[in-house]
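Sharing a structure with you now.
Letters A, B, C, D and E mark the chains in the order given here, with residues in each chain numbered from 1 onward.
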Amino acid sequence: MTAAASPKLALHAVTQRFGETLALSPTDLAVRAGEFVSVVGPSGCGKSTMFNIIAGVLQPSGGRVLIDGRDVTGRAGEVGYMLQKDLLLPWRTVLDNIVLGALLKGKAGPKERAEGVALARRYGLGDFINHYPSALSGGMRQRAALMRTLAMHRDVLLLDEPFGALDSQTRFAMQQWLLSVWEREQRTIVFVTHDIDEAVFLSDRVVVMSPRPGRIREIIEVPIPRPRPVSALTSPLFSTIKQRIIDLIYENSPALEPAHV
Amino acid sequence: NAAELTKLTFVQEWPTPDGFWIPWILGSKKGFYAEEGLELEIVVPPTVADTMKFLGTGRAQVAFTTVMDVIFARGEQAPVTAIARYGRGNNWGIISSEGKPLTVADLKGKRIGIYNDAWTKAQLGMMLADAKLTLDDVEMVAAADDTVPLLLQNRVDAITGITNAEGTEMMTAGNQKASFLPATEHGVPNTPIFMLAGNDDWLKAHPDQAKAFLRATEKSIRYAAEHPAEGVAAFHELYAKAFDEKYITQQWTDTIPLFGAMGDDLMVNNEADWTALLAALTKFGVVKEVAAPTTYFTNAYLAK
Amino acid sequence: MSDRHALLLRLVYPLVALILVIAGWALAVDVFEIPRYVMPSPMDVANHIADDWPALVKGFGQTFMEFLLGFLAGAIAGFVFAVLMDASRPVRGILYPILITSQAIPIVAISAALTIWLGFGLAPKLVIVALVVFFPVVVNVLDGLASVDKDIINLVRSMGASRFSIFRHVKLPATYTPLFSALKLSATFSVTGAVIAEWTASTSGGIGAYLLQANSRLNTAGTFAAIVFLALLGLVSFLLVIAAEYWLTPWRSGSKARRWSSSYWKDETGG
Amino acid sequence: MSDRHALLLRLVYPLVALILVIAGWALAVDVFEIPRYVMPSPMDVANHIADDWPALVKGFGQTFMEFLLGFLAGAIAGFVFAVLMDASRPVRGILYPILITSQAIPIVAISAALTIWLGFGLAPKLVIVALVVFFPVVVNVLDGLASVDKDIINLVRSMGASRFSIFRHVKLPATYTPLFSALKLSATFSVTGAVIAEWTASTSGGIGAYLLQANSRLNTAGTFAAIVFLALLGLVSFLLVIAAEYWLTPWRSGSKARRWSSSYWKDETGG
Amino acid sequence: MTAAASPKLALHAVTQRFGETLALSPTDLAVRAGEFVSVVGPSGCGKSTMFNIIAGVLQPSGGRVLIDGRDVTGRAGEVGYMLQKDLLLPWRTVLDNIVLGALLKGKAGPKERAEGVALARRYGLGDFINHYPSALSGGMRQRAALMRTLAMHRDVLLLDEPFGALDSQTRFAMQQWLLSVWEREQRTIVFVTHDIDEAVFLSDRVVVMSPRPGRIREIIEVPIPRPRPVSALTSPLFSTIKQRIIDLIYENSPALEPAHV
């Protein structure tokens, strides 16, 4: 645990059972303010479960979630949350989707909208605020979804495989963009991905999880200096870290037989 | 002074307007009902059977209906009573194409277009019995709205009906004078078909209105019989050209003689008629049990 | 250019359809020597319509009003019903079989009872039209409500949305597409409902009453004139539903919010 | 265990529904003192059914046959029509408006003409029932045909499939889902079609004719007995469609081919 | 052009215009029998267009397609073709989907089926032959689609982003599997992907295309010895080749602004 004395987000012995199965065994984690932490691990290791608990959508079987030291266990609306599917509402314009947090509370006034417009302009969707999501490309939709998360003004953002559905090139551009947003807005980001390149490229630390029962296996520091150019992807340090993570993930798992994919 | 008029709901015998309705249509127009302080709301029922439901439940105070409907309604304990007759005798029978007259015995094995009303099967049964036949000896085709086209297209050999409806139609649509086999000549009592009826509770509570209604109606019948063209015109004004003018004119012309001599007994129900009809119905098992003839009708609201 | 062309085709096809129907009809009457009391020729009908124009137009207005009010009432009732059924499994489980079997009961069989309870006014007619729309709306709206993505619900919950807010912003709009497909399917059909309703116990004359009267005594020209007006009414009602769909679900027909809608952002800074 | 529980619930809900309807009905008749000739009590109806059981059962059989044959005819005709319409844009453009407006024409208005042309036998009744099913089937099957993924078509073309083969293996099966949703929607409703057909001009007595006769004698117990049988018929027809769907689209209800189906691979080597 | 004198598949000046736009400028390509060739390039550079032409689904505006020296331009049914979407028929069992090629010709007899079963057994779907596709996971579906392509008995397989929709881990397993199939069945594979790692890891040669108008920019040899272990992904040779391809793709393209993703 390399987190500072007063972490932005802290999990204390958070546990989740679904009937017989232990989806998440008691888990501790601390994330510093402004930190970018990625979570990797095979399917079913409890990543989404952990996020649902932090987001307050799921009441954990045990343990506590703290933000800035306040207990927020089981309380929704405390963090920004975004999933692999963009989940934009098709019947709302891009702008309305961005200010959805305010809309849901019935207070999406001109002020909130103007702010949403500014956000859209800043991050390249200025020409599309009055369009419906169906008119957007996959990458643009994902960006709109992230803006919706930003517009909630939460210090902590949980991103669950946000770029999983994008092709590699769009994905690369989105990663660059996410980093620029993160740097500018000074948010704390926890990021789930299946793509180890992505995890290493983006993060300060990578949390490696393992399944049955879901738990944190190791947390790996990524001491690659920022800003990171594209060439960082092929640097020896990068390769070393990537290899280490691949080893951790595949080490204990049974030999990957096609039948079990 | 329209506000002072008492509104009476008057429900008709079946879903579509007929030339029979000319008296109250013309009477309303001429102000005969208003003279008696009444205003008629003419309502048509969704099916022939619903007339008595509306009357029995008091949704309507008075009704134009058939004698069989009154009898069936009383059998179901509906509080309705016949208060006047409309017409004098029974002009129901079997109709076949011009030049192809039939006897009752001829009907064996024939295909006959009928209506699914209370009255048709009862009388057809009585007629067939006259030649020792039963309903099973003929093939009946029940039509919802009109049997005449079936006959004109030779889809059936004969149809049941009355001279001033189906008979009229054979004339206007088929340009032929239909052959008619009257029921009354074959064991069916010659009693009136159509009745005016009232709701019992209303009759008790408002005898004056009932009397006024019948006075106005009688005046209307007499006036309409004397001024047929005016009657047809009033009908047309109300129902536009949904009707064939030729047909309505012919129908009213065919109807007027059925009132007979326009005497004092124009609308008076006669106990002998009811007794004869009820006896026949009992004999042929059309109704399970009947009450005393006088319980079905009253002449108490007719001018003496 | 190609857009214009497409629009033209859209207008051309129905016109061709109209011409074909009339021509086929005229030909059939002529070739098979169909007697007038079975089926009139198009000319007969045209003459009748010209003759009785005011009565037919008045009837059209009357029936249209019955249709419109009944249709709205049925759609709204069906919608509310579906929402209630969606909220509770037992309610749904119990009401569903009742709804299904109720469809097999001919309306005429219950119309007298309706009139006795509701009087001779507009009420029973509206109920009958409403009944025609009710069932498809309930079925489709239920489908729509059940098909909302659980992840979206989770997402808006994570944003702190209340139950009502979730309904208002997520569930409700998700029902629009199935709702409108139900309405389109039942639009023209509920015109038939209005006709049956007028047969129920009518004091006033709509096109349905007109048809019944003409039909009862072999006035086939009148019957077919009424049918022509009913077909017209069916077309109008279908187009009304299409128009309502266009206005109420702008995201399905365009890629941008409409300029005058409340969700359109007008740039005051003039960017 | 949970599966059994679910099945039990499925049976329990309709039973509760039945009990509620009967109880509500009995209560209404009692509390509002509804006269017998307007609405009989459930007991009256039960007595009547017991009394006239053979006639009702015979009528049920008759109406059921009309429904079944008409329903099949309408579904098949609608299907064929949709396939033809899908094959040609002009045909579709011309037929579509005709179909839509035709829905507004009440069947009763044309039923007399049908009888004159087709006689009193089964034919006109089948036509009337078929007309009820026809429209929803055409609309939904057209939707299904239009929604086939262009990529699948390209793929099977790349495999050297003929036009017919593409239709048989790709387009046809894609229509099943929308077809069955149309059939479900119109199953119970076409029972009403059968009733209207029997009212038009019938020589033989189905439940519809029975209803009309009972009604004409103010025999409300008989009328309601007929309604009960019609509701039953509606339920049976709905369940038949559900069963057909279950058998004809096994991929929608299970994850595996059924053991006795032709596409099930039986392992002769005993692996 | 490093192909042998008698290539398995050859394109001669194949060209495609859609109205005004030149989707594919005159293109030559030769693929040896048993070779594994990948095609990479930005969206819209004409990869799918080229495949559609080879598959005979699209008639090219100009040029010829040869297989074993025979002219097959515009003739369908000569190659196996597979797309990103698995396009399994939901109403057919896995086995029927595998033997679809025979089914479509009305000759899916016991022999063809037995062969399909053998294929499914060999590649890990033996327990699922009687299941419908809906019961399969994304990876299993993709494998079934590939078996369908194999069961057509074509020497040349065109795979258009077959693993694009899979998450990274499943994808990795599928790549391993594809390599094992390829080695065993001795087919010639042309493979479109957006993932440069994937292209390098799988191929003998990588064709890099560029858009407006679509054309082949360069063909790069991948001299990494087979079989290639996971660790090959982080070897210096791998990184060099990858870097070269990234350079080729991003070199002439305008700076990746988020607005143009």
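Here is the rule we use: a residue touches a chain if its C-beta (ideal position, glycine included) is under 8 Å from a C-beta of that chain, and two chains touch if they have at least 3 such contacts.
The shown structure was predicted, so the numbers you read here are calculated from the model rather than taken from an experiment.
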Item to check | Chains in simultaneous contact with chain B and chain E | outcome: D
Checklist outcome for this item: Touching both chain A and chain C we find none
Checklist entry - Taking shared residue numbers divided by all residue numbers at the interface, is the value for chain C and chain D over half (same) or under half (different)? => result same
Item to check | Greatest separation from chain D - chain, by CA centre | outcome: A
Checklist outcome for this item: Distance in whole angstrom between the CA centres of chain D and chain E is 47
Checklist outcome for this item: Between the Cα centroids of chain A and chain E the separation in whole angstrom comes to 32
Next on the checklist: Distance between chain C and chain E based on Cα centroids, please, to the nearest Å.
Outcome noted: 51
Next on the checklist: Measuring centre to centre with CA averages, how many angstrom lie between chain C and chain D?
Outcome noted: 21
Item to check | Multi-chain contact residues (two or more partners), chain D | outcome: 38, 108, 112, 116, 215
Checklist outcome for this item: Where chain B touches two or more other chains at once, the residues are 47, 49, 53, 57, 145-146, 149, 153
Item to check | Touching pairs among all chains present in the structure | outcome: A-C, A-E, B-C, B-D, C-D, D-E
Checklist entry - Which residues of chain C touch chain B in the complex? => result 35, 37-38, 48, 51-52, 54-56, 108, 111-113, 115-116, 119-120, 199-203, 205, 209-219, 222, 226
Checklist entry - Which positions of chain E touch chain A when the two form their complex? => result 42-43, 123-125, 137, 139-140, 143, 161, 164-165, 167-170, 172-174, 176-177, 194-197, 230-231, 233-234, 236, 239-240, 242-243, 246, 249-250, 256-259, 261
Checklist entry - Which part of chain B faces chain C closely enough to touch in the complex? => result 9, 15-17, 41-47, 49-50, 53-54, 57, 59, 145-146, 148-149, 152-153, 169, 172-174, 239-244, 247
Checklist entry - Given the complex with chain C, which residues does chain A contribute to the contact? => result 52, 55-57, 76-77, 79, 81, 83, 85, 87, 89-93, 95-96, 100-101, 103-106, 113, 117, 121, 126, 129-132, 134-135, 152
Checklist entry - What residues on chain D touch chain E, complex-wise? => result 149, 151-152, 154-162, 165, 169-170, 173, 176, 249-251, 254-257, 263-265, 267, 271
